[in-house]
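Worksheet for the structure shown next.
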Amino acid sequence: MQKLFNFFKKNPFILILALILVFFTPQSLFAPGENRERAIVIAIGLDKNEDEYEISFLTFIPTPNQEFKQTNSVVSGIGSSISEALLNAQLTLGKDIGLSHAKTTIVSEKMLENDISPSLDYLSRVVSLPENTVFVCTNSSAKDLLKATSSLEENLGLKLDQLISYNANEVYVSDTSLEAFYQGYYSEERASIIGYLEYVEEENSQSQSASGGASDVEGDSANQKDKASQSLSSSQTEGTQGEEKERGSINGQSQILNNGEAVLLKKGKKVAILNIDNLNSINLLNNKKSLDCIKINQVKTEDDKTVDMVFEVKNKYVNIATKIQNKIPIFIADVNLGLKLTEIDTKGQEVKSNTQFTEINQEIASKIESKIKIEFSQMLQILRENKADVINVYDTFFKQNRKQFLDFYNNLDDKEDYLNSIIFMLNVRLQPDG
Amino acid sequence: MKSISARQTGIILFLTILANKILLLPSIMYEKTKADSLFVMFLFFAVELFVLWIFFALKDKFGNKSLKDVLQNLIGKSFAKFLLFVFLIFFLFKTMLTYSVIYVYLKDLVYQDEFGFLALICFLPVVNQGVICGLRAMSRSFELFFYLVLAGIIFCLSIAFFTNVSFPYFFVSNPSQIFNTWFTYIFSFGDYLVLFIFMDKIHIKKGEKKKILSFVFLGIAIVLSIFLIFYCKYHDTAFMHNNALADLLVFSVQFNAVGRLDIIAMVTIMALGLFQMEIFQFAFCESFVMVFPKLSIKYAVAVFDVLFFIVYFVLIGKYELMIQLTTEYLPYFAVISNYILPILIFALSFKHKKEVKDAKTI
Amino acid sequence: MAKNKVKNIINKFKKEFHNSNDFASRIYENDKQVIGMLFLKSMTNPDLFSQTIYMPIQNFQDKIDEKSLLEKILKNNSIEIIEEKDIEKNILDGKVVIFSDSFDGIVSVDILSFPSRTPSEPPTSPVIQGPREGFVEDFKTNLTLLRRRIHSKDLVFQTLIVGEKTNTKVIVSFINGVADKKVVEEVKKKIQSIKIDGVIDSYYILSFLEKRPDSLFKQIGNTEKPDIVASKLLEGKVAIIVDNSPIVLTVPFILMEDLQSSNDYYTNHHYSSLVRIIRVLGLMIAIIAPGFYLALQLFHYNVLPLNFLITIANTTQGLPFTPFLEILFIFLLFQILYEVSLRLPSYLGLATSIVGALILGDTGVKAGLISPPGVIIVALAKIALYTVPEEQSQITVLQILFIILGGSLGILGIVTGFVYIVNYLNTLDDFSTPYLSPYAPRIANDLQDALIKQPINEMKSSPQSFPNKNKERVK
């Protein structure tokens, strides 16, 4: 005994190792590994039917194979609360749910009728849903969309999160992750933008692909429906935004339609759907996005012929200034665009002018300017109607003219409605580039 | 006498400045003072530098004397023991605070479950061994890991910096809020206090104070830039991200393209926490040996472990409570030991000098 | 009466050597005198004996005494007059002891001869460019190899005898004025205090030199190459050469020495810096990789990237082993194969590689017994181990240690285990040399030849990590 004591005194490490070997090694020696104990969730869907919540998981099912193939399945649980639904889903699976690899979170429009944040809060705090998961809204049920995604992936290798991240990089510019949602939600403006995907059943999709319109989309209000169809028709006639439009056909049954649309949220509730033009106008003020195309119709060339022209925005520099005159805040945005003529739609005529050497003349400039301004005012109208400040007006005033702005802000009757009382000035300057 | 060099002292200070402040502080401070927490940090560091200056002054005056000798010279034997006892209790709490912070972090992010005994068997033996190995071996380890810790943190910062960041707005909270926050989180500071405890073991050659200061300023710069980048990145959601350093990475790598890089933050933080605990426990054991000079450092380690177990499993039982305790009930204690005691010693040392001069003139 | 003296001595030693088979005695007798000779047949050259000793004595006409023996008869180089008590030792050293009834002195002649290897390139440390000589078992050859490299009167060899039965020569070598005297004295004191029955190889005295013989970690340097020893002597280290061992020990030792290879000094310094960094990486991978993989699989699946996780989940699905057992099994498999390939004759090596690599590995995976990621991780660790072959045995023990830590405690176990080991290494300071210098503590001067290597002309001064006296090397 004395000998043993001395031995441990001399080599305390052996004692610690012995403790570890006794207390920890046996149980982990026969533990099957966390990846076998937990269901690895790739995407989550949240639905609400009347009083019941449904939570669906796109989970990865490990199958022994050498071809690196990923087999997924959709599991769902129903309950009166999100946590209960989650428990039910776990019961169905017979495994604990591991949300740390969930790349996409899909919510149905119905979920967005009320403040979504409390439901998400449970997932992100308790079940550790990562905050960089992509947050998407869909018109039909999230479960259906997940099922469609699952087969989409198997058939086309197209992943939902890639689709959304492309949108996020090229269309929304700001990312549409859960974190971004929260950042908007907890800011003074309390507004944020998340992605939007349409899910369409087969009968509709045929007519859609023929017309290219979204007239069959079930909107909640007539107003939204109009806007949606407007956006699609415009994008179709202009034909410049084709890249944002991706379609995946799933076993000839249903379609996921990505128009690059986004949902405008105010206080966690859906207030409007923004189309691609609205988003472009929002991003006009964003220095980070420069790649964009502008199409103008009926321009007269040197030989007096009327053509359509497409300009590519090569570079963009936006300077935003604020001032307060007579206690009225004025938001001034100077947009400098470097343009390059990329296409001329001659409409069957013979046109001499060369795309490389066309200058931006007065007519072209005024047309571009008015087009940009009209789109900007349309966007602003939507924001004003919904009191949703996603272009950081509040922030900009707060940073640049804090005292005067707060005077103005505190005197407002409806403090959320400050967008309506602010004057916006948009100056567009054009330069040829390239 | 196994003494440590100026460089090693600097690295100890660097690690101490970093360890507690980069985990919980950025997010819980944001709740109270928003981005102005940065000014709270500035305030802290300024006041703390004064403590460092006091240390240098004492070191100049007393050379390689131990704190015990200095205190006995100044205020007599029994009072010196009392002061050392205060330090002893203080460092016990600081070690526990560090442990709690690291534990909560690891529980949230790494183990995702309670893992009490596992954490204990990982941390306590290593920390104890570090203390028994002595300050010199310990500070040599710090020297080796210094580069790794630095590389880990700079990696986290640069990755975070090159994704979306924008300036938060400052000057949104009033001075009383700032002072309130300053007072609440005072337990996470007091970085230079450890130096007093083992001042006899620090060997500073002439002109090497700059070396120590450069490490201190490096630490301060890194802490401030972590705060700044964290706020630039998260703004209003900063309070949701408890683990600042790791969360800088999690959200940076968009859509998991590369995989989870926060493993680097995890490892950095584990190592940092471990080193911090070693430093504080060593300070505890040193003051213990000074209070009870008949007992060796091994007894001090054993006493520490027993106290540790008692406080956690009998009195409190929950790690979150420990953090709450130090922010709500113990700040007065921290103010006394962090600032008042060093200033007191400094003031008394003037008296001492006078006496010596008088003796000489006579 | 006089004749009896010779016979008595011969009989006495015959008895003392227990009539051993190789113990030989010769008596030359003529009318003038009786001369006796004693030697060991196994240690001497019989031709040399008859030509240089027996024949000249026979042919000599006058009466033989010590003077004539030394000056006229024997032409051999190493002849000395010894006392009676040293006879035994001289016989054992392979000398012929000559005595007679007509004179009092005892003469010993060295005609030592035994089979020995010629210096060839040692298999453990081959070089691409550079000297290919290696130490051999015969210590005299080894001393020659060193002396040939350092032509200086300051190079000192001091012989000590260790081992009650074996009486092995242990030579302490150092350069006077470069090596620190305290270190030399300490080494000598340690060797002199050794009480052991026999020393077969230099490893026998290794544990006596170490401050902590029970430690896993190497505290004494060892090498088979004279160029390495010569350069270490120049740095101020002390070399310990043991007779019958091709391994020369050097003290003081720092870990950095094993990360350096003699190759580094014979190639471009940029390249050697790169290679040294890769060695450190290899070392880390070798120690940590299997444990880390296990920790990720058992505790932190959420850290793994999704694609990697899918691969692991797919390949481990349906395996009979749990992850921990699987890694242990593969580790054991590799270790057995390694041991077998070391012990097997080389013509069977091909067979083991076929059985090991093809049948066990490939079929194991195909049969669903082990998973490909597991095999890759363990194989990677096992291969990476040989970036630092000198630390092979230590790393293997650490590997199994970290597998246990990672598997039982997760990443936290690995990090804390690593810190524990570094803390421990920092307490090792034999001969007042910090084990992890020049990094812990940082010794600015020695960073020139650490992970980043400067060209030789830039290395102005000697290493300061360990005590030595030669401050300036390049002027």
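Labels A, B and C are assigned to the chains in the order they are written; within every chain, residues are numbered from 1.
Here is the rule we use: contacts are C-beta pairs under 8 Å (C-beta built on N, C-alpha and C of every residue); 3 or more make two chains touch, one makes a residue touch a chain.
As the structure is a computational prediction, the values presented were derived from the model and not from experiment.
Chain contact topology: the protein chains form a complete graph, every chain touching every other one. Set against the Cα centre of chain C, the chain with the most distant centre is A. Centrality by Cα centroid goes to chain B.
Computed from the mean C-alpha positions, the centre of chain A lies at a distance of 42 Å from the centre of chain B.
Averaged C-alpha coordinates give centres for chain A and chain C that are 67 Å from one another. Inter-chain centre distance (chain B to chain C, centres taken as mean C-alpha positions): 47 Å. Contact with two or more other chains is made by residues 112, 118, 121, 125, 129, 256 of chain B.
Annotation for chain C: residues touching 2 or more other chains are 299-300, 302, 304, 306, 409, 413, 420, 424. Residues of chain A in contact with at least two other chains: 13, 20, 24, 101, 103.
Partner chain C is touched in their complex by these residues of chain B: 5, 7-8, 106, 110-112, 118-119, 121-123, 125-126, 129-130, 133-134, 136-141, 143-145, 256, 258-260, 262-263, 266-267, 270-271, 274-275. Remark: chain A residues 10-11, 13, 17, 20-21, 24-25, 28-36, 38, 40, 42, 60, 62-65, 68-70, 98, 100-101, 103 touch chain C in the complex.
Note for the complex: chain B touches chain A at residues 108, 112, 117-118, 121, 125, 129, 164, 167, 169, 234-237, 240-241, 250-251, 253-256.
Chain C makes touch with chain A in their complex at residues 214, 297-302, 304, 306, 309-318, 322-325, 368, 401, 404-405, 407-409, 413, 420, 424.
Chain contact summary for the complex, chain C toward chain B: residues 299-300, 302-306, 308, 409-413, 415-417, 419-420, 422-424, 426-427, 434, 436, 439-442.
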